[in-house]
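My questions all concern the structure below.
Labels run A, B and C following the written order; every chain starts at residue 1.
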Amino acid sequence: MALYLGMSSMLHTIEVAGILAFASSGFIEARRKRMDVVGVFTVAFITAFGGGTLRDLLLDRRPLFWVENQEYPIVIFIMSLLAIPFLRRLRSTAMENAIVVADALGLGLFSVTGSSLALEVGMPMFICVMMGVITGIFGGVLRDIICNEIPLVFRRSHLYATCAFAGCWTYLLLNWLDVSEVVALGFGVGICFALRMLAVRFDWKLPI
Amino acid sequence: MALYLGMSSMLHTIEVAGILAFASSGFIEARRKRMDVVGVFTVAFITAFGGGTLRDLLLDRRPLFWVENQEYPIVIFIMSLLAIPFLRRLRSTAMENAIVVADALGLGLFSVTGSSLALEVGMPMFICVMMGVITGIFGGVLRDIICNEIPLVFRRSHLYATCAFAGCWTYLLLNWLDVSEVVALGFGVGICFALRMLAVRFDWKLPI
Amino acid sequence: MALYLGMSSMLHTIEVAGILAFASSGFIEARRKRMDVVGVFTVAFITAFGGGTLRDLLLDRRPLFWVENQEYPIVIFIMSLLAIPFLRRLRSTAMENAIVVADALGLGLFSVTGSSLALEVGMPMFICVMMGVITGIFGGVLRDIICNEIPLVFRRSHLYATCAFAGCWTYLLLNWLDVSEVVALGFGVGICFALRMLAVRFDWKLPI
């Protein structure tokens, strides 16, 4: 029980860090395209919640995560209003590294919980993995489409979707082996995070 | 009662004017990209109904507005077939001004009724505003994505989404003060419209 | 009965051929943009299933086709892993012609069955045609949006959406005349296919 509570509050912390990291990449991209505050908010919002929203549309789950937790869009809205001073701070190397780490944690958490939600409603195995990866990466895909770029995650860059893929399979495998949910989640997130960190550190890419 | 009927038929007239104005901006953009009649119809249709459709997908409302009222897509389809003579008329300054006015009315009406629909199904305050703004602006956003442009509404231009935002808050505030629905709707639409007209007239923009 | 079984297994064969043809155009486009395996899979998958998925979201039908038949995404996934040797074979003229034929069959089948599904849930006539055309063409539209191009089907090229449009009307007309479902489907697909082949052969285009 104590383990569960510890895990649960840890997952919540990771979730908040992940959302902020995803939103930050939206802020940065929107500013690079010289968007005004409406654009900055929309792009940051879609980067943070686009993946989960698409998953929920595909699975027909309602209410949507951000509809139930309106404090998240409100926080992103306030951050958008303050974007200029906020972004100046993002330019420091320490901050950039913090964002890479938080983004990797967010990727792991969003992907693995996406798989877990799909499993809950009885989806077949491969679909659970796809729903997980969609949850993890489609926020960024939509960000790039709005910013009129070919999605970064489809171009040749450090492993990203592949890490989500590995994390989701890890989770599903442990779940199939009847390992407790919280341990399976933890391992799935951990594998995705570790693989992503290694890919960034050692410059791992997929072949074209 | 007479007031209500008067308002109701006025709202219907604004709705038709708004849909035609939204569709016109789709026609113009699609023609500029040298699309054929299929492209012209699709872009005009998505500009007019994309925002409301996205809202209904997010709120899980069915049937969709244009599914229930198939005369709207049929009208846009016929207009697409006649697009070339029709567009020549759009080039006159009088027509351009009429489109700006009708677009501002449409923006107000779509946004405020979008908020009203979200309120009806019990969404929290900030989500109602977001649903209103999505209804008002996402048709244009999807138009620009299909036409391979960064959405105009996110770039630095005359206030647009901000007017929808102000109109939605006005409506929600009046609703919260227990003002009658029809008056709250009227004021919401009016504020959005007035703000938009002022922004165009006096060149108001958001800071970057 | 024998006729029905014959038609049914023929339709299934056409479906598989159509999915493979649609996916192939995704492979080719993704490779042209130098995407890695994640991009190749996603673009191929969305090209093959994007239209039907959008239709099902609009009509609120669940489970989605590819969720119920996970062997389809798995096949596309495996093909993505093998994409390079596979694509070399696509470059032969014989293979290119085979893809054009399979794509035209797929377009007919997807469009007409899209209309049929919309009719089944009681949509009005024009909406049934729109749902059919969306099912047939929106996979390619989404492929082009992700690849940062103006959708090919909206630009001036050989009749494509128009063939789907004609096929859907043929099906609906025959259905309205109380012709048996299987014959109406067959004629709808046939008209779409024949028109598409003629358009490619004789260079038919829509006027701008």
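Operating definition for what follows: contacts are C-beta pairs under 8 Å (C-beta built on N, C-alpha and C of every residue); 3 or more make two chains touch, one makes a residue touch a chain.
It should be emphasised that the depicted structure is a prediction, and the values quoted were computed from it without experimental measurement.
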Testing understanding: with touching defined as stated, what is the shape of the graph linking the protein chains, line, ring, star, complete or other? complete
I need the rotation angle between the copies subunit A and subunit C from a CA superposition, between 0 and 180°, in steps of 5. 120
Once you find the CA centre of subunit B and the CA centre of subunit C, what distance in Å lies between them? 32
Among subunit C residues, those touching two or more other chains are 57, 60, 145, 148
Given the complex with subunit C, which residues does subunit A contribute to the contact? 57-60, 123-127, 130, 141, 145, 148-151, 153-157, 160-162, 205-208
In the complex, go through subunit B and note every residue touching subunit C. 30, 33-39, 42-43, 53, 57, 60, 62, 64, 66-67, 70, 73-74, 77, 145-148
